[in-house]
């Protein structure tokens, strides 16, 4: 089974129980079996729209920090995919609830939401391209992993649209591209044995922190149910 | 009574109940009467050390975004005051508990801590000098207001050192300087009637959000008690 | 005749002779009549490829500094237009000379090139969205103005490809969109009478400085002839 | 003889003739023997004041990108040293010519000046702490090397104040501290054999580019004579 490259599985393993707490969170299993209260889902969806705004900003920041034109183009394509394609799910589902985009954009952010997106942005500003990528990775690839796992359930159920979006071919392709981007970025900056270098521990720390903040995002959604 | 300039009282008023919830938080009253559990205080102190690290980074960012040499110097002096003077309290009190600076620096940040400091840094990166100052203001001037209010109690009690630091002349002087810096920055960028201009509402929003994140920091401390 | 909105003509007028020195530069008239030495054009083209890399980075920075989702999308679309469409001219013409993209990307930047692109990026980092836009404007809209003026000559001549690119409908449409983006950004931040506000002079200064750096870019091209 | 640490001599050697062209520039030898035209010196001095403003901003940016509290403090101290101590020379000499600080601050920057300072700032924004340090190094340590070399001439001559500033104990101490900061930053991020790692070439490139931009700054001064 594809693991989105060779670096991600190492980071994922280093996060240990924190990774499992994120991808196997109660919010996710309730999404999968349709038992998630609608209020929890809608609170999550509104927060996630604002999350995607700041996540797009973080990918745009990556464009400014790339070392090659190929890194730039992948990051720029991801910005487009986020603010055009992925957000389309949020806009459509929220429109069904009578919420237009301007209202969504003005959503008061939950502290758990602020914590993750601003942590990612600061990872980029304080470090280099790789410090930014490692903080972006848990969200992009975690959603990919969840989407792929839940995929069989996607044809029915209250939240099948969500599952289809992240389990679908387009999103999985984005994950492959991001996994390859990470592998290339690691090779360019850390060489062939990144795990032996002095930055590896710090990168794993960033990955774990970002993973925990992702789990906090599910907590926030569940608490609104 | 001095209000730290003319802009701060307006922002403070605009935050309404959120401001009161921050400066009159149970954590503060328990600090004042000495009833705050030691564990809560120490958790707060360790988190606050890391907070000051990132807060210093935000003031250093302000140096890079200033429009005048005077704005630069005040911001640079504040960085020095934070990482030399204000931290001294944390280092001394933590040393009494057997914690050295390296251990403190490695403190795993609570999400409530991450949320506030990274919000402030992002306010600076996404906006201008003023967007940064308005996000810094609730912490700097709120602590000044609390310190001044608690001052009479400062000569005894378990947390008198803390109260003396923020109620003391040095810190109050910093607050006056920051209040004047804000007034000057507002005049230079928004003119004589800032409340009539299109940015005023957005600045008040930032102030309210930062104020709420400050209250969340007290919540975090209290929860560790 | 369309002026790319209402703000640009004011900035343009404020730059006075510096604007004329840029858009009526000898490099431009020699491009128009085909008398520009090939060596000068090729030096310019290689430098301009690297310029576009950093200019794309500056537009990506704008994505991170936008206040509305509409501002974000226009900025993100401009990044795409630059690194996909506009660069296509450079890649095609340079390929005819035997230069591939990797070689182009590794071009040692001329100081005149560094000066302009890094000035724009720093305008963004030190200020807000508007400080960035005003530094981007002379290049985007100046090329539009030049392209439109030279258009009748575009069907023949050594440099007709260049002229067709900037005089063509796609690029002119980008200029309209950027002009509208600027007008909206000014209204949102400076209100209805931006010329009366305290930031107007500083914005005009930025525009003039960026305009002079653009003229310096032509000087650099011409000197390589 | 002290070489300001172990990394700097390697970077210096990698820049080869570009380094010599900078530290043995005609501007420098004319400073040393007093033959530099006064107009050239004053033009340089005014530009250098603005240079120091942006150089201080770059050191403040370093505070925001440090990995340890010790790195933060050294960077913060350097900001103070620049905008308090080193600038004092410029302010004093310019005051003798009837120029006050506000006038100096408003100096229209020469493109050669813009190119170097904004290149350094962008090195910081696009990369990590080390990318920023390597771009700062040629100026800080080059001036140290020049000051130390010219020192014997410092007791007389038209430009003895300048020579005393950079050849003096205070400035030389700053250079030692910066050299040690660089060595530590390299060890923390690149390990014990930095020259074998994938980032070394890129760092040497940055050093060479910054060195050439420094030489361009002398050219600018000389051209004003």
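Letters A, B, C and D mark the chains in the order given here, with residues in each chain numbered from 1 onward.
In this section, a contact is a pair of C-beta atoms (placed from the backbone, for glycine too) under 8 Å apart; a residue touches a chain by one contact, two chains touch by 3 or more.
Keep in mind that this is a model prediction, so the values were computed, not measured.
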item: Other chains in touch with both chain C and chain D; value: A, B
item: Pair sharing more residue contacts (C-beta pairs) when A-B is set against A-C; value: A-C
item: Centre-of-Cα separation between chain C and chain A, whole angstrom; value: 34
item: Centroid spacing, where centroids are CA-atom means, of chain B and chain C in whole angstrom; value: 41
item: Where chain A and chain B are represented by their mean Cα positions, the distance between them in whole Å; value: 31
item: Interface hub residues of chain A, defined as touching at least two other chains; value: 57, 64, 121, 125-126
item: Residue ranges of chain D touching chain A (in the complex, touch as defined); value: 64-65, 67, 125-128, 131, 187-191, 197-199, 202
item: Of chain B, residues touching chain A in the complex; value: 57, 108-109, 111-112, 114-115, 118-119, 121-122, 125-126, 209, 212-213, 216
item: Chain D-facing residues of chain B, complex; value: 53, 56-58, 60-61, 63-64, 68-69, 72-73, 75-76, 79-80, 83-84, 101, 105, 121
